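Attaching a single structure in structure tokens format; questions to follow.
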């Protein structure tokens, strides 16, 4: 089993750009997202989607399916944001906030103006910042993020744990998906009860394999001269692109200027 | 035809090239079929497709003439008829004891406990597992695990038994035992198809051989016919069984050897003799 | 002698019987050694002992004449000289990209980054891994992982290379590539010892064969000498390489064949001819 | 005119509701993770600031332990990877829909709460990077609810109920309550960030908690049962 996002991160068209450039670009836009309002946020979302889908050649269906995750979360929380209730007695105090509403028992349920406004703002911010994060996770492989963190001086243990976890995740994920397939082939997961039973067996086996793996991997590490640290090296063979750097720089500058102008005129 | 693949395409998500491409292949009932090919030629994918675990992106798979349906109930029915033994028994064995593991498939069919127990103890007797029955699975040797994984599937009495590289990594003794067991299963009326990259095994055991390369069917036929296509087999770096190689070398040596008589010098090795030797390996 | 085991006993904690028992075995320098035996005969344990990963409960292991010391510094030195490639590459590869993984052993030696990078890129070129260098380990196929795990160890330039079942689960094509690579490594001056239960592989490749059974050394010698001991090998259910089997059948058939001449009928297959044919399989 | 307008509103509402149910049920997978960009800047920073000390304390204690025994790093990484894979499995909730377990309950019982805080945080990082669940700005908030509150609850519940000697009950309650408290914490975080005009934090909390209860309550029970099953398997092993 492979993880789609991880695979794309290694095969996208912007892979050869230095990871620092991509990270800096996306983080700058993320900060900008948090300082501005809906119109600029939407512009950021669209511009980054162009980078991700057109420049990095991430297939659009995959990208938009991923975008449905924050949208789904937004929809889930939407009722809580826009629907409000108030005792009929206090109705007059919120009259200004009511857009549409109906009495329900001794309560009055209504769509709140404030809530709708808030939900709209939230949607723009969520989409824009999600686009920033997706640009990172879809174009920068995790190993390269790790390399950047290493050079930024993150605690060694943290880096080592992330390095090893990343490797083991794929080992265990493969085991889990193999077990899952084999169970399917023997008619498991047919009913809720069987599903729970099969899943219980799978998790138990997975844990046993994990411990077995531990013994074997620690032998292999010893044999490779384990010193107590996990240090690895890699040569850097990135090719910065002037065309992309220029677009990123001037785009960011333009958006920042726009944001400044917005503040100045007090929008 | 028991199972037929018709113009099947399958590409794994995220993979640039297809694992199986425009593949048409028919498994005849009652035969001992072997799928031959390198690692990654699409053998495993084919079996997973046959078991309804993957759905082809193009083409139709037919079980006894009817195209596969991918709803839950049809898949259950299919998987009862088509048993799949995975290459790595580690992948297949999930429960903690041998007995429990054999009962897993039966329990999933929703059979009453008494019947499950009866069938499990039959299978245990049939596969000589009585000594291992209550042993935890992870204490077994590879050969024993393979035997359990075969019992796991056979307890469901499938009509077609698929085995993915059943002899991979087994030593010779265990391989011989396994093949004998498969002979017995086939004699009792189950059609068997196994995949391997062991040419000698294929030659010894098969009635009918399919040669796969890069997701496509390259050759099919009786072992004699298939291995006569030496050139094609060399082209896909598969070669021919060792027996053929040795016999060719013997013939070569005999014809070069000045000490031998006129006749040997002319023919190398007489054709009838060659056939007889080749056949002696087919007994199994 | 490069590495010598003298009267070694080793029992795994919690196991009723010893994995290795009173074993004396000497690996000669510069040879291609093969340890032959069934699964569980003690081959893996022997390699783990040789690498100082386990400490024998009795007996002495000598590296170039000096008994092994089990303090950290001596073990580090030993493991630089004795490289061990594990059977399952999944266990050996720890870093996330191929390049990083190859660098791991070098980084452990505390070499400066520039030298590490130089050696890594040499190894990448030498093992034809350039295309894979920046690929994550989990995207590789089994054959590629095996190649990386060999590069991992060879980058440290060991004097003795131990390989535990290097051809397990590999198909013929990958096996041939791997064996060619090992030939090259041995020719460059590294002694190699590998374990397998593949008799044909052992016959084709080895200079010197050790046959292990139940933790004990049963036979040792040149392939010709070892496989001449047919009876002993059959007793431990190992058998002889297929080539021997085929030639015996040929001889048998020739001697029975009334059409052939007097001479053939007497000898079956002349001894010189038999030798010549057997030798022809040793080249590869 | 007025009735016509009403009709349109009703129609719109119906369409909105069905759309909501459709999309909402399709993505309960990440319902526990507050998505990227959801928290206003002050709250994002606040939760980062709250979680970071817990994480650092956990990391320091692990650093100390691994200094003495470096091989433990391997075990820790494997435990973390195990938790990640657990949370990527599909678990059927009692209502019939599918979701993912958090795995924190089982992890805490096996590895202890402090270790789980560090591992849980790393798992959240991987979920954000490899599965696009959660996010970086909301990582602080998610870490607080899933890797600090969750393990703590699981640990306290497990230890308390274990005193009565009912092991299975202890495991079940630990996993279930851990799930529930995690989602209540998420509701608290969202309510703090988006208080209602009328009724403020409390009203908002009731609304968020009510919504999440639909998906999370059945899931919590399922996860509790699953953890008991796994526990039984482990006892046998």
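Chains here go by letter, A, B, C and D, matching the order in which they are written, and residues are numbered from 1 within each.
One rule holds in what follows: a residue touches a chain if its C-beta (ideal position, glycine included) is under 8 Å from a C-beta of that chain, and two chains touch if they have at least 3 such contacts.
Since we're looking at a predicted model, the values are computed, not measured.
Counted as hops between touching chains, the shortest connection from subunit B to subunit C is 1.
Ranking A-C and A-D by contacting C-beta pairs places A-D first. Subunit C and subunit D have centres, each the mean of its CA atoms, that are 49 Å apart. Averaging Cα coordinates per chain places subunit A and subunit D 16 Å apart. One inter-chain figure worth recording: subunit A and subunit B are separated by 44 Å, centre to centre, where each centre is the mean of the chain's CA atoms. Within subunit A, the positions touching two or more other chains are listed as 2, 6-7, 142, 163-164, 166-167, 171, 197, 201-202, 204, 208, 213, 217, 221, 226-227, 230.
In subunit D, the positions touching at least two other chains are 233, 237. Listed for subunit B are residues 96, each touching two or more other chains. Those residues of subunit A whose C-beta lies close enough to touch subunit B in the complex are 2, 4, 7-8, 178-179, 181-188, 190, 194, 197-198, 201-202, 204-205, 208-209, 212. The part of subunit C that touches subunit B in the complex is made up of residues 38-40, 141-143, 165, 168-174, 197, 199-200, 237-239, 242-243, 246-247, 249-250, 253-254, 257, 259-261, 263-264, 269-270, 273, 276-277, 280-281. By the touch rule above, subunit A contacts subunit D in their complex via residues 3, 5-6, 30, 33-34, 66, 68-81, 83-86, 90, 93-94, 97, 100, 112, 114-115, 118, 122, 125-130, 132-134, 137, 142, 145, 155, 157-158, 160-169, 171-173, 176, 180, 192, 195-197, 199-204, 206-208, 210-211, 213-214, 217-218, 221, 226-230. By the touch criterion stated above, subunit B contacts subunit A in their complex at residues 13-14, 48, 51, 53, 72, 76, 79-80, 84, 86, 88, 90-92, 94-96, 104-105, 107-110, 138, 152-153, 156. Residues 9, 19-20, 23-24, 26-28, 30-31, 33-38, 41, 59, 62-63, 66, 70-71, 73-82, 84-86, 88-89, 91-92, 94, 96, 106, 110, 118, 122, 125-126, 128-133, 135-137, 190, 194, 196-199, 203-204, 207-208, 210-212, 215, 222, 225-226, 229-230, 232-234, 237 of subunit D are the ones touching subunit A in the complex.
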